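Structure record follows, encoded as structure tokens.
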Amino acid sequence: MTQRIVIPFGPQHPVLPEPIHFDLVLEDEHVVEALPTIGYVHRGLERLIEKREYPEYVYIVERTCGICSFIHSLTYCQGIEQIMGIEVPERAHFLRTIWSEYSRLHSHLLWLGCFADGIGFENLFMGAWRIRESILDVLEQTTGGRVIQSSCKVGGVRRDISAEKLDQMARDLDGIQKEIEDLTTVFLQDDSIRHRLKNVGVLSKEDAYHLGAVGPTARGSGVAIDLRQTGYAAYDKLHFEAVTEKDGDCYARCAVRARELFTSIDLIKQAIAKIPEGPVDIKVTGAPNGEYFSRSEQPRGELVHYLRGNGTKFLARSRIRTPTLTNVPPLVKMIQGCELADVPVIILSIDPCIGCMER
Amino acid sequence: MKYEAQTTTLVEVGRLIGRVEQFRSDGCRLVQISATKNGEMYEINYSFDKDYKFENIRITIPIDQEVPSISGMYWGAFVYENEMHDLFGIQVKGINIDYKGNLIKTTIKYPFGAGAVLKGEKP
Amino acid sequence: MNELLFLIGFPAIIAILMLFIHKDKLRNYIVIPSAVIIGVASIWLLISCFNKNTILYAFPFEPASKIMYIIELLLAIFILYLGIKYRKTLTVALVLIQAGLLVFFETYLSSGMHPENNLFVDQFSIIMAMIIGIIGSLICVYALGYMDTYHKHHTEVKDRKNIFFFILFIFLSSMFGLVFSNNLLWVFFFWEVTTICSFILIGYSQTPEATNNAFLALAMNLLGGVAFMVALIYIGIIDPSGKLLELNTLIMSGQAIALVPAVLICFAGITKAALMPFSSWLVGAMVAPTPVSALLHSSTMVKAGVYIIVRFSPVLAGSLEGFLIALVGGFTFLLASSMAISQSNAKKVLAYSTIANLGLIVACAGIGTYKLMWAAILLIIFHAIAKSLLFLCVGTVENRIGSRDIDDMSGLIVRMPKIAVMMFIGIAGMFLAPFGMLISKWAAIEAFIVAPLGLLFVAILAFGGSITVFFWAKWMGKIISVPQVMERIEDTVTKEKWAVLYILAGLTVVVCLIFPLISSVLVEPFILNIYGQTAQLAQANITIMVMMLFLLMIMPFSMLFYRDGQKYVGPYMGGMTTTPTMQFTGAMGTVRDTTMGNYYLKNYFGEDKLFMIGTVLCLGILIFAVILTAGVVL
Amino acid sequence: MIPIVNAIIYILLAPIIGGLVAGIDRKVTARMQGRVGPPLLQPFYDVGKLFEKETVVVTISQNFHVLSYLVFMAVSGALFFSGGDFLLVIFAFTLSHIFLVLGAYSSYSPYSHVGAERELIQIIAYEPMIILTAVGMYLVTQSFNISDIIASSVPVIMYLPGVFVGYLMVLTIKLRKSPFDLSTSHHAHQEIVKGVTTDFSGPNLAKIEIAHWYEYVVLLGVVYLFFGFNPIIAIAAIIIAYFLEIVIDNTFSRAKWQMTLKTAWLIAGAIGIVNLATLYYLRGGVWL
Amino acid sequence: MAFFEMAKTAIKSLIHCPATIRYPFQPAKKTPISRGHVIIDASRCISCGTCQRKCPSQAILLNKEAKTWQIDRFRCIVCNSCVETCPAKCLVMDTQYTAPVTKKSVEIVTITYVKPPKPAPATAAAGGEAKT
Amino acid sequence: MTYLSKSPWILHYDASSCNGCDIEVLAALTPVYDVERFGIVNTGNPKHADVFLITGGINSQNVEIVKNLYEQMPNPKVVVAIGICAASGGVFRECYNVSGGIDTVIPVDVYVPGCAARPESIIDGVVTALGILEQKKLAMNVNPGTGKKSPGET
């Protein structure tokens, strides 16, 4: 009997910026067994709900994850607003949408970079993150924070963006779009990359759907789930289509994200063109009583905040179901039988965000 | 801004599997499973979605009651069910990949469960 | 001549003695001194004959030949009986054909033959005699201890040690006979005896697998025997006087006459040397107790095959047939090296490596320029020493840890440090500069490049040589990768075993150091004698090699400097903490062992696929060569 | 005498040149990525730093393997620059690499282990091509001796364009540049962390680094041989070749081992051998 | 076969100026609303304690008796909550981030606000607003 | 002046952070901030690292990991706690699973505040750490030979 190689892959591992662990069992470089261990980032923040009043809990919620921090706060606020029946001013909805899409841009670029790093393409990593800095600049100029925006609140948003700034943002986006085009061409055309991504980590459409894949992981397999279609925030006033690819391999998931960058740019431009004038928040009084599953589309897919109020300032339960958590079963399926070199590629291809997955 | 319509149906524990099977055969996907402590009872929500139509079924169980696993129908349910076990202490019977309490290791046992004592709190 | 007769006769006498000794103690008392005597005798042969080129001895032909004829017929009957008993139709058929041919030869042809110089000795024979006499008898000594343990572990195998040692010494005797006979008929006799010896040794454990493999070996070697016999008949027909039966005359007689028998005998040599497509018998022979493997691989049997081919090399040189034979060797080298990558069984790795190296030797001999012949002889010498050392090391390890799997040898450097170091030397001897095998390969490259059609072989060497690096290096790696805490378990190895291993390990190094001497005293005169010119390595390179060797020997002392001031930490495990025995708590809370297997790249270097390719390729070439030869004859 | 002087000069100067090359490499790479990059002398700072660190080992024999790696790398380079036999240089080169591999094996970390196995795959991938390079040089100049090859004023490159292409690929592997940075990598992160060097630290790692520098100089020295007829062209060729390697490094993702092996053997087998066969034919050898 | 897709960008970057901001030799990127650290105008703090209550990270500790306002900068997550909720508008978010330190410490400020004797509190607050 | 300060190699580990600080650490490596200007390389391997950049408030499962990584770094080494979580546990300080700051597990040399810590701030933090690294090196010269043999070693 030849021996197998057992590799503790993670929790600390340079291709995984976040801690997660796999017991990899290899024959040569063929993965015959891969079981994940999670829990390295579990903080237990959902129980802080009992110690923070619901308006302050936004600050906790947006620190579920530093990448789509804004969308967490948005989803939470929308949930509370629904329970309390608050009508948020229209301009606030548009601003939320704009910031959401900027978050998506920065998240996707970040992912493209990490992904390039995972397949050993350093220059591309640098390229993606260089472009991402211009997105972060916009976020900082409009919210005061690079990664933690602190701009959403129950009842609207904390800050407005001036008309001139909005114009300038729309203009800058053209330049960014050009740079992103160059970047994504490399991702989608270069044969050394295709060799690493094509037919790697294939997830069939049926598996994707029934294993609970969401976001680009699902869309890469041809399952067109995109919660923005439900028309929350200002998405009901904007036009876009869910980006899908058929093949279900790493390349398809990469292509979905690459193409979504352009959807986001387009959505931002539409929103800037259509944004109405008016106030950006309303005063909120009282306390939520009721429950709601607030859903939204994060860069990684469908996010669910289950909120349950009991009429006091402290909620009874907040449960955050993040896209990464539900993308783990498909990941476990995909990783069986791949090559060692594919392991980081496949793991990264679901764009795992352990921070929010474990809360 | 649109809020989506959501329905929540109460189901008896015994009929849970039947209902879930129905969702599966209707082509719904499993959105999430989550537990909530409600007094001396646990509520467990199973949420499904098909074409953006959100449906939720809910069972209510006493703290020490076992629930059946739905991982036979939805393979991926094991993450939620293990999580539910690790955080609430709810026993789930027949999970396909049973971590036996090792999915999320916590400083205190069943931090969301009845009687969990948080930091800085007195028992 | 007395030395020759002594070397042939003495082991035979000891062999017969062995048959009647059942007491282990007593056997030890006889085997060890006689091994020493054989070794000393072969050294004596060296001292007395090294400067005399070819010496021919006129040993009376008739009576000896008659005895051999009778023995051969008896052996044929013996095999026939076994073949029928085990229902091996192929074997039976081959024995019948061979015996038929033999009877034909003896009745119709041999009467008029009067070869005179039936025994001879030259530098090449001396080299072979040294290999047989020293390495072979060392293996016999080693076998004493090994067989004890073997029977303790394998109680199901009937203890037939007396027969075992009987055959072992017969083997040595017949090998001596083979290299000292100048009469092809006699060569054939000894040839057949080695075949049957190996047959019995391979089947020693009498398990179904062993029996099958023994018959496989037998069948393939009988096939070679048939070819040999045909060659003899051919010679008998073209030269009824029997003068051409004398090896030296035949070789001198030039291609026009000697090519056909040469090709046939080389075919026999290819079966015996287990080149593709006949490699499977040698791999199958691994079921035998390890000393047998060591013997077959290093000093006897397969060496008989290449010996005869190298002998005929001057005849082959420059002919298309020679090129084809070389091609078989070349492909065997490439493919067998590749197959070795996919093996985790240490003995199989050794087997494939042997096959590969024999392939290389045959490739050299087939092209047959003087430089290549020089390289071929060097390969024979270095291979014999390093390979026997390795087999015996594996045997010792196997005796102790109960596995011959390389993956199970991890941490051997801690568990059995002395053996591990010796194994290291053996492995290094097989593929690293400045050790012997590498010197020989280097010589081969430099020789092929100026040989006709050489580029192909240079390419084969370039690829095959680097492939070799892979499987040896990963083996070395396994030995020194230590899963933290391990206990030392080598104290039970017996004194004789140690002695044998020390001598062989010492030889591996020393022969490298004195190889310029060996080359100038034995190999170069021999080649000069045949070709009128000879090859040698440039003086500067030799100096550098020797310096490297010294450097290699000094380097380990650097460890002394590192004894203090070191901080020890566990290996990097992705942040996981490990126990001293390298376990960590993995997913689902299970405790896992950190195991590490080597790579086998089965999809690329898998045995089955490559063996198919090799068989088709080499069989095709051989058939072509046979048709070509037949064309010449008709 | 001259050979020994050359060897000594090599042993003293090669680390300096190699370190500078590494520094330039990092600087140019950084600029290709739109960054400023480290100072030119950064590799020296790194090595200096590593020597200042404490020695942490998993097993004591690691020290021995690394030292041997360094020593034999220097030896093979010295052989090269003293005009020795090309094949011997290659064998010494292999020997030193085996020590690196053994060092990796000795640490019993799965990451180094996989790195070691991959390093071996790389060795079998590139070695045939290096030997064919030597053979090509022989066919052109009728000698394996570096001194003779240099001395002959034949424009080797004219006869061996295919071999040169093959050699460039070997260079990519040996310089551990993407796409062939399988076993350990200077840059982007790898699934096997740092592969063979994972469990080396401090002074040991510094020695590996210095050995790399020695190696760079030898490898670039071989490029020189192709253009040996004119030193200026040769230096230019070295610069261009190295620049090309940097560009390749920056425009490829990492290949898997299967791809590496296939590409290397295909290029060595196809381009290299065809080139040599043609040459053989031209030189009046029989076919092949 | 499409290789060297990245070459264009790589060569372009090589000959162009790097994107790097040479911090600390060049000033850091900052915007007028960048959240750096909270500063207090101790002369206007009315010791109401709102900031302490609204701080999600409990970085602020107000001691009414000792008249001190204390901030632990190693707890403050610069969320701006205190600044937004302070009724006296005496807290400001400065754009300069807190410098790294080797020892954690808290910053204690003595509140120097003196209640204006006569006018009613409402007017005082209004006055404060008028000033800004 | 030693070479240590010219070539600080970092190891980054996310010990239960929200990612905010981690992506800022990564951002510091990328073109706009390019810490390689200071010779900083993100090694991803404790055995090569001099500076341990650690984010997050450390949950129970991470305690052993962090200690292990710290242990595997050769001396002299410094630990830089990046972000408020790493300094004190931050907003999650009261969470049941957060031990509250890196200094509850291993000694911390530099605290870099911010939520998330900005890349410039991280640069400042590493620069501060270099001074400490130098001091530690000097202390090591004064008191060398800390190495000891582990049991079972040959």
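For this structure, a couple of remarks:
Every chain is named by a letter (A, B, C, D, E and F) in the order it is written, and numbering of its residues begins at 1.
Quick note on the criterion: contacts are C-beta pairs under 8 Å (C-beta built on N, C-alpha and C of every residue); 3 or more make two chains touch, one makes a residue touch a chain.
Please read all numbers here as calculations on a predicted model, not as lab measurements.
Under the contact definition stated at the top, the chains bordering both chain B and chain E are A, F.
Each of C-F and A-E has its own count of C-beta contacts, and the greater count is at A-E.
Using mean Cα coordinates as chain centres, the one most removed from chain C is E.
Geometrically, the chain at the heart of the complex, using CA-atom means, is D. With centres taken as mean Cα positions, chain E sits 54 Å from chain D. If each chain is reduced to the centroid of its CA atoms, chain A and chain B end up 24 Å from each other. Note on chain placement: the centre of chain A and the centre of chain D lie 43 Å apart, centres being C-alpha means. Averaged Cα coordinates give chain A a centre that lies 27 Å from the centre of chain F. Multi-chain contact residues of chain A (touching two or more other chains): 5-9, 11-15, 19, 26, 29, 37, 39, 42, 44, 47, 59-60, 63, 121, 123-127, 130, 133, 145, 148, 190, 192. For chain B, the set of residues touching two or more other chains reads 102, 105-106, 111, 118. Residues of chain F in contact with at least two other chains: 13, 30-32, 34, 37, 43-47, 59, 61, 65, 69, 72, 74-75, 90-91, 94-97, 115, 118, 146-147, 153-154. All chain pairs that count as touching, in label order, are A-B, A-C, A-D, A-E, A-F, B-C, B-F, C-D, C-F, D-E, D-F, E-F. Partner chain B is touched in their complex by these residues of chain A: 37-39, 42, 44, 46-47, 50, 78, 82, 88, 90, 93, 209-212, 225, 227, 229-234, 236, 292-293, 295, 302, 304, 306, 308, 316-317, 319, 321, 325-326, 328-330, 332-333, 358.
Within the complex formed with chain F, the residues of chain A that make contact are 11-15, 17-19, 39-45, 47-48, 51, 59-60, 63-67, 69, 110, 113-114, 125-126, 129-130, 132-133, 136, 145-148, 353-356.
Residues 1-3, 5-6, 8-10, 19, 29, 31, 33-35, 54, 56-57, 77-81, 84, 93 of chain E are the ones touching chain A in the complex.
In the complex of the two chains, the chain A residues touching chain D come out as 5-9, 13-15, 26, 29, 116-127, 130, 190, 192-193, 195-196, 339-344.
For chain B in complex with chain F, the touching residues are 105-108, 111, 116, 118-120.
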